[in-house]
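Each structure below appears as structure tokens.
Look at the two complexes coming up: chain A is in both, with chain B in one and chain C in the other.
The block that comes next holds the complex of A and B.
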């Protein structure tokens, strides 16, 4: 292969790669997914995650750090029990001694208990399956925190000033993982997925049988945490 | 007739007092438009009267239905109206939102959760 031919080959490869990674830090899931202005979220999508715990190392917390940076969770809280925790790493040990480490966050249930118990309608599920807190009507009663089997929600105890403009959050309201809804709406990946260097997290559309996440769930052994509750979670795990 | 005259006299006596009261009024808010020459999303009279309804309507559409990129947006307000000195719409009565709300004595809840500084980027993280 001459130098020029090799260059041409590399350039063609770069163009192909460009369809997936447009620029460092900006990954398109697929060009069609960024919605136009004025267009609502549609139930043709159901956003979900598939987490491969075999690739998740106990010593790594890149997803947790990326989440905190993206969502402006920068406040110092005197009591560590009151710290907001949208995503956390947990280590589990099976009876046979096998150990796993995995990220745990809002599982974006299809039948979310937090929405069932909310007295004001603040806990809500969007058409595309993302479970959110409407802080405009949240009264901070914390019933949803008690109802959530995954301990996915946090309550903000102190006034905040360092919010990211795209991620409003504040005192007196309950909050949780939004699946980076502000990024997903632009056609980007959630911050944790983008930060995972091991490729342990896959984001995709569970409603589309041809998406990679759906194909893997159909053909590989995956599980829902507390599947016995029949919540039909949007976050699935592999390897536990 | 006598009663009407006495009422008139009372009014005449009270006039200077009323004028004095007027002089002691709270001054009108002086917040300057920070990006003059640009066009707001609606005429000022409509914005003054209806901005809260516009934002309230929009917030429900955006959060609950996921509609983005529309005419009305709180971050859009800040982009033009944040103070050039402090970069914020609140903080003191010279700043756009706080100035008017202090004058009208209406509590401002938006900024408990929303970022009041234009172009703000949160830095650092404490997971």
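The block that comes next holds the complex of A and C.
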């Protein structure tokens, strides 16, 4: 076991032996940023992603697969239009012929339309910028899905079995990318970021001007998807 | 009372029970469908992650918009002091309550977690138009109930005007709220229009009056009464004006959309290129507006109660087509995630979404109509005051 993994194992606690499997990803975020149980999320962090589409190939869907495994999105749904997709690959062909491929997921907006429209407050933004759905409060009205400009949310159309205990999902509720909040809170990287061997996805703290993600956003050309909507997304793209 | 009268009264009673049983059955089937959807999930509906609001929303929004519109009849009486309409105020109030209940029945039972309806009633997010609407709907129930009480209790009659004004204002806000449910969806081409709120108000006038005219015709017929032709004429002229106004708004809405370059593709889709175009032109424009106007302004047909009722039925058919095009058509048009670029994905990005409603969701919608029907039926049966009593009715006046 590497030093990194051993530390990770201890941090995750002996009760969670399964963590060994994901241990290589542990502590890729500074350990100080991991959140203790019962401790509220802090606005000293604003978690975000920077996705470099130049490094992302159309044929690769490692991030999508990793997300499905991590979050237990493994159910077989007969009608593909009713399948949940927390992250998907979009192939883009611009008018000038340029082509890109990129992963699209909840953009974790700073002003999320889904949170504005949700009647019950089930859609919410944590202090650290992660946009989530409280599965106990969601009534399944789907207004948030109507409001999301990125089609990032899915509604669970069928009863589910065999879920990942850390990632509650349920019939009749809306769900979306959680930025792997359960991992981030332990100081780990989101599953998609970890799975991307091309290094196309960078996870980090947008609130810290010295973090790698902030420095790159400050010095390189990056874009927000549908920047015209002024939602101040937590997910940024390069190369499009 | 002679034997013949007793017999016909009995026949009428058994007919009433028969009709009531049919209404109850339709409502029960609607409820059963909701249970079925609840048990199996929305997988048994035609709704998907691409078309998230479907037929139940068409029914629910029709009922809610028409519910607020039908109260207009009472407002014209109480607020604007027109006697013929005053007589119709109680029926108009009853229809408001009935349709609002029907609409909410569908909306609530379509929720993914209908069992959490208490959460919807107790947890509010005040930035949500949906949450405001929950308030507006419950307030509407309260105000209209008080209004009905004031109208029916002679002692309280002096309050009819202020309560009527309050109800009128509330209903305008309510329809604006319903329209704004869509108006706040900044990312969808179909709903990016400031015209939505006023358009919903004018649609509610037309649809509400259509429902009123049909109910009134049936009640007069049932009670063997004839409607004063002068009143019929007045109501049908008002109805014609409302239909024309809806058509006008519709034209302005599409023209302004065409003016904005980014909306042109959407307009082309709705008006020419998709299955929605036929529903728009035939259902919404021809059946829902032009035909009824032709009937109402026809010198002979326009005088006949049955023709006016037929026009009202056509307007309601048109209303369903309009909401179908507006809600489903608006969702079917692909989201512009990367404006100007062509996009594809396994999640149907860049593609027109398809939708075929399933039986359970249709039956749920129908159940909402059943609930509205039942409440109206029971109301008019229990309280005779709902039947408009006009002073002077000339014999053999406006019948069919």
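Here is the rule we go by: the second predicted complex is superposed on the first by the 213 of 240 C-alpha atoms of A that agree within 3 Å, B and C clash if a C-alpha of one lies under 4 Å from a C-alpha of the other, contacts with A are read in each partner's own complex, and residues count from 1 in each chain.
Simple rule for what comes next: a residue touches a chain if its C-beta (ideal position, glycine included) is under 8 Å from a C-beta of that chain, and two chains touch if they have at least 3 such contacts.
Remember, predicted model here, so these are calculated numbers, not experimental data.
Chain B and chain C, once both complexes are superposed via chain A, fit side by side. In the overlay built on the shared chain, the residue A:173 is in contact with chain B and with chain C. In the superposition on chain A, A:119 contacts chain C only, with no contact to chain B.
With both complexes placed on chain A, chain A has more residues touched by C than by the other of chain B and chain C. Contacts of A:181 after superposition on the shared chain: chain B is touched, whereas chain C is not. In the superposed model, A:128 lies in contact with chain B only, and not with chain C. Of the two partner chains placed by the overlay, chain B and chain C both lie in contact with A:159. Using the contact criterion defined above for the overlaid structures, shared-chain residue A:208 touches neither chain B nor chain C, since it reaches no partner.
Of the two partner chains placed by superposition, only chain C is touched by A:151; chain B is not.
Once the two complexes are overlaid on the shared chain, A:142 sits against chain C while remaining clear of chain B. Taking every C-alpha of chain B against every C-alpha of chain C after the fit on chain A, the minimum distance is 9 Å. Residues 83, 159, 171-173 of chain A contact both chain B in one complex and chain C in the other.
Contacts from chain C toward chain A in the complex involve residues 38, 40-43, 47-53, 111-114, 116-117, 119-120, 123-125, 127-131, 134, 181, 184-188, 331, 335-349, 353-354. Chain contact summary for the complex, chain A toward chain C: residues 77-85, 88-95, 104, 113, 115-121, 137-143, 145-151, 153-159, 171-174, 225-226, 228-229, 240. Of all the residues in chain A, the ones that touch chain B in their complex are 35-41, 61, 64-65, 67-69, 72-76, 83, 124, 126-128, 132, 134-136, 159-160, 162-166, 168-173, 181, 185. Here chain B touches chain A in the complex through residues 59-61, 63-70, 75, 78, 112-115, 117, 119-127, going by the rule given at the top.
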